[in-house]
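Written out below as structure tokens is the structure these notes cover.
Here the chain labels run A, B and C in written order, and each chain numbers its own residues starting at 1.
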Amino acid sequence: MHEDQLLPAEPGVRAIARELYRHAKDLPLISPHGHVDPAILADDRPFPDPARLIVVPDHYVTRMLGSQGIPPARLGVPALDGTEVETDGRAIWRLLAEHWHLLRGTPSRLWTERVLAEVFEVPVALGPRTADEVYDAVAARLADPGFRPRALFERFNLEVLATTESPLSDLEAHAKLAADGWGGPGGRVITTFRPDDLVDLDWPGWAERVARLGAGTYAEFLTRLRERRAAFIAAGATSSDHGHASAATLALGPAEASALFDRALRGRAEAGDAERFRAHMLVEFARMSVEDGLVMQLHPGAVRNHNAALHARHGRDVGGDIPGPTEYVRALKPLLDAFGTDPRFRLVLYTLDETTFTRELAPIAGGYPAVFLGAPWWFLDSPEGLRRFREAVTETAGFYNTAGFVDDTRAFCSIPVRHDVARRVDAGFLARLVAEHRLPLDEAAETIADLAYHLPRRVFQRTVHNGVSA
Amino acid sequence: MHEDQLLPAEPGVRAIARELYRHAKDLPLISPHGHVDPAILADDRPFPDPARLIVVPDHYVTRMLGSQGIPPARLGVPALDGTEVETDGRAIWRLLAEHWHLLRGTPSRLWTERVLAEVFEVPVALGPRTADEVYDAVAARLADPGFRPRALFERFNLEVLATTESPLSDLEAHAKLAADGWGGPGGRVITTFRPDDLVDLDWPGWAERVARLGAGTYAEFLTRLRERRAAFIAAGATSSDHGHASAATLALGPAEASALFDRALRGRAEAGDAERFRAHMLVEFARMSVEDGLVMQLHPGAVRNHNAALHARHGRDVGGDIPGPTEYVRALKPLLDAFGTDPRFRLVLYTLDETTFTRELAPIAGGYPAVFLGAPWWFLDSPEGLRRFREAVTETAGFYNTAGFVDDTRAFCSIPVRHDVARRVDAGFLARLVAEHRLPLDEAAETIADLAYHLPRRVFQRTVHNGVSA
Amino acid sequence: MHEDQLLPAEPGVRAIARELYRHAKDLPLISPHGHVDPAILADDRPFPDPARLIVVPDHYVTRMLGSQGIPPARLGVPALDGTEVETDGRAIWRLLAEHWHLLRGTPSRLWTERVLAEVFEVPVALGPRTADEVYDAVAARLADPGFRPRALFERFNLEVLATTESPLSDLEAHAKLAADGWGGPGGRVITTFRPDDLVDLDWPGWAERVARLGAGTYAEFLTRLRERRAAFIAAGATSSDHGHASAATLALGPAEASALFDRALRGRAEAGDAERFRAHMLVEFARMSVEDGLVMQLHPGAVRNHNAALHARHGRDVGGDIPGPTEYVRALKPLLDAFGTDPRFRLVLYTLDETTFTRELAPIAGGYPAVFLGAPWWFLDSPEGLRRFREAVTETAGFYNTAGFVDDTRAFCSIPVRHDVARRVDAGFLARLVAEHRLPLDEAAETIADLAYHLPRRVFQRTVHNGVSA
């Protein structure tokens, strides 16, 4: 990787960007939201082969190859329907290498190249002719104890990593991490409370999951959720996360909510009940956040499992979701009416719909004390997406109503690269402000350090049960 | 301020931008739409202390500090509910200075810095350590007769400033201005006819205001409005302005409109009546514009008083509005069907939803003789917003279907800075066209002068009762 | 034209862009979708006067002049209502020249300037003072046999040009072209199957056109359409095209579809039938594409004939359409459920709503093997529009899920300029990736050649009746 990667091309601006980047590049990483399996760090076993580490679980990569006719099963993606799945890691890796040009211009290419070069120190660039050489080099590193998960965690300069679990999780991996001195409140690996599977009536098996939670009535349901939040906080959680079809919020009265819950449990949910229950539960979770101090994160707007053939064969979370238009202003009003100016509440908003950056999200974050803007998410977590985010939201929300970079990834090894990309893009954006005489250099330097480290630390790591910013 | 502020960083483009800016920077300012209180200029009294001039009335600033937990009452924003409000200007000013970093990257910071440096000639930059020094310097200037409103008006090189009044206004301040040789038709300070409070049934007190207008029937209502328009024209008005929840227009028949009006007056408005009446009245006001020559301005798409806590405590117009998605193509069709190609009609369209720039607004302005695009408004009146506007609309609407810069501000002292920012951004945009060999330098120079001065003069200052462009 | 036109201004990036452009500039032109009248090439008669070649049929130009008060009739646009229409080519040309400044910053200006300079080798720039000189120079060229349509076709380095016809067309011009060795399967001038007038119940005369097709029942309707597709394929067609009000798709059962068709034929269509029939027919046409191999193109989202006065006087397709918001994710699901992963199917999606670039279109193209993104269309076919397209879609869809440049024009002489503009913009975009060390130069060079030539050739020119990519 060239040391100036992603910095603006114009030499004067690049020189400023280099100077700014220098203030951010060595700061520890805060990873306040993501999907790394905590068992990886609890068990600290060597990673399997390169394909199973880098290709199979990365639906960005399998999706892109799939879009050009390479079925996910040939890339080792597990099938639910008995389809034969490729198991030879080297064969999978060669398929990636042969189609490497499909990833030109994408962040997946950037991340993978740098993981290979910087984490695994592979001396050649990936391409059709170097497939085996790269595979062998990575495989050799994986056999080395210095490349086990906890060793990499140290090398990555990670200060804290949050994983994401259902309230139904027993948090076993987090218990082991705590026992090893890696987890628990204030620990290096913590959890996040994500109750989507318990509030989404449209998700098959909802009633069974409610039974597993131990709730037979709406009142019990709320009580059990509060208990699980307490257990998550004991396992280090500082935030909850909510992935909803829309940003709709709604404050039902207790009797109405209870009646809806009972209907749904008896399998008699009416049209609109699922959306209303999700919307209502967001307000309830906000109320719980006021009580227990968990920062609330909201990720709305994905149309889940859009690709029906992919979903039928490979199940959820394999790259078949597509964003849809998302409205926040009217949708969030009930929640913001209740808690938007409450100093004990904090809400981090994400989006897949960048049309809302200037029109809705920046004005909301710049208008409500409780609200922060989460980093560009998913398809927008990319050099151009990160740049457009800063260009769009800063003028209305400033820098200090944003929550810092969030990697949100399943790909453990890509974490440092993703953070570094965000730091470089922020350096470029701030350098332009300096070059255009809109911000002095010293303030820009302070700002980039805040964006890289101090802001996410402050937004996500406040002491729970306290309710005011630490 | 650096002389190259906001000009593109690349030296070649910057040199062209400097040359272009030179053609615009000293042209007189046309301020065809804004919210300065005309009494300021009618009375010409010294401004109060620095905080009451620069902080208290600027909801951009109080909103941003509020979004980080500083209640508006601590910043001196008047409260309706008995909340104690800070009255010490210096204490308010210090709060601003302590939190000055929150405004990094925002236009409010840019405007304020330049007002302090250029209007008040404060020799140090504002920051936590210079709060008192800056306060004292501004306060000293305010005591100087050379810093009274009319003296500043002269120094600002303002050619004409339009304020905005309800039809219920007696236009007293404008009468005084006319008597002093400052107002009236062709004067330096003129008014704008803004009838929202008389056509918005959802605005509490509507029936009382209609009674104050002297209308008991729909026919009288239209007659009274026509009479007030004539009075506004006599006070110098060249345009009307309409701030609506949406861009909806509708041509009701007279019987239907009359029935709706009667229902509403009796407090029996039905669901949808408010939106239908606003929509219908836009078509009626367009018809009146055809008759009397007032240019019609439309500002749609704000969800008013979104922040319920702020509204309850501090009332309207204190920064609690949030934009929503706005549709123009279907919404405006009834009005455009009636008057879109009428040479006696002129409509200036604004937006808070920049997704409509290429999709709707530029094609409409590039397709209807009556329509011009207003400058980026409110959250979009910023260096990045102005740049994106030109990049988005020019290819479809050209430069000559835009109406020139509009400051739309309450902050009198910021007017010259705001216009200068727009001129600099236009210089940068045009310089890129020149540098990429898309437009010759001489035509770019002519264009920037047109955008800065000749176009707004032509669009907004045509002779009324004439109906064709002057 | 300067040799660096449209290349980035920064000297380092420009040098890279020049090098990349060199790899694309001389590649043959593939024009897989457009609206050139095939009779022009079948007859190969000299073009009429300059105004009738360049002004009268170009609704981009007549629309822009119309938006500033010059009625289309004065520009020679034929009227349906008896309005007197200017017939003097020189008078029309002078009107264009006098108002040439209105086109500053627009692609129409860029295209026209280059057509004059490069195709017609006019030695002076157009402007108010050179109107007659330019007119005479072009007129002189038009009298020269070297400027007849087929001669220009050769000089333009066109490899293949697709026109667009209704299924009701007898394809007479294409038969003549085939007889002359210019048309037919694999020929240089081919047709495209565009059945909008047969599936849009809202289009006056629908039942008569169905009768002309020879269909009395829904089953016959499908059969006749299949027969016409076969005839189009025999005339060289490799694709169909569908211009719909929305992207809605719907899979009605045969009985339901048949009942709807019968209702409509009897003049008893119900509310919603028109939208449902169009949506249903898209799924049927996709099914036919799977059978016969035609690539399916979808152009949704124009609100047709928005300008009622223009439509009443001059009819369809004279610049009175305006884009509206367009939704794809939910709209396309029925079609993608049926054929989105079918290797025999290929769908090229266009848009007038660039808010869908990152939110919907790139994820869909990057998620479904059948889908490719068409080039920016209509108001977005411009330097800034093309640049934003690459910046927005590449990170999610890569380069290889896009279909290459499509000129989509009626203006035969502008075809080479339009392609050249796209190649220059792509060179600039790729040069930035190289300069920011995001893509090596050799891969960028390969990519620009793919975008300019190899990709459109592969996407649009696959062997029909085969169904897999050639």
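By definition in this document, a contact is a pair of C-beta atoms (placed from the backbone, for glycine too) under 8 Å apart; a residue touches a chain by one contact, two chains touch by 3 or more.
Here the structure is a predicted model, which is why all the values come from computation and not from measurement.
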Relative orientation of copies chain A and chain B, as a Cα rotation angle in degrees, nearest 5: 120
Copies chain B and chain C touch via same or different residues, half shared test: different
Computed distance of Cα centres, chain C from chain B, in Å: 40
Sites on chain B at which at least two other chains make contact: 10, 355
Sites on chain B touched by chain C in the complex: 10, 12-13, 327, 329-330, 333, 336-337, 340-341, 343, 355, 358-360, 362-369, 371, 391-392, 394-401, 432-433, 435-439, 443, 446-447, 469
Residue ranges of chain A touching chain C (in the complex, touch as defined): 1-2, 4-11, 63-64, 66-69, 101-107, 110, 303, 306-310, 319-320, 322-325, 352-355, 379-380, 382-385
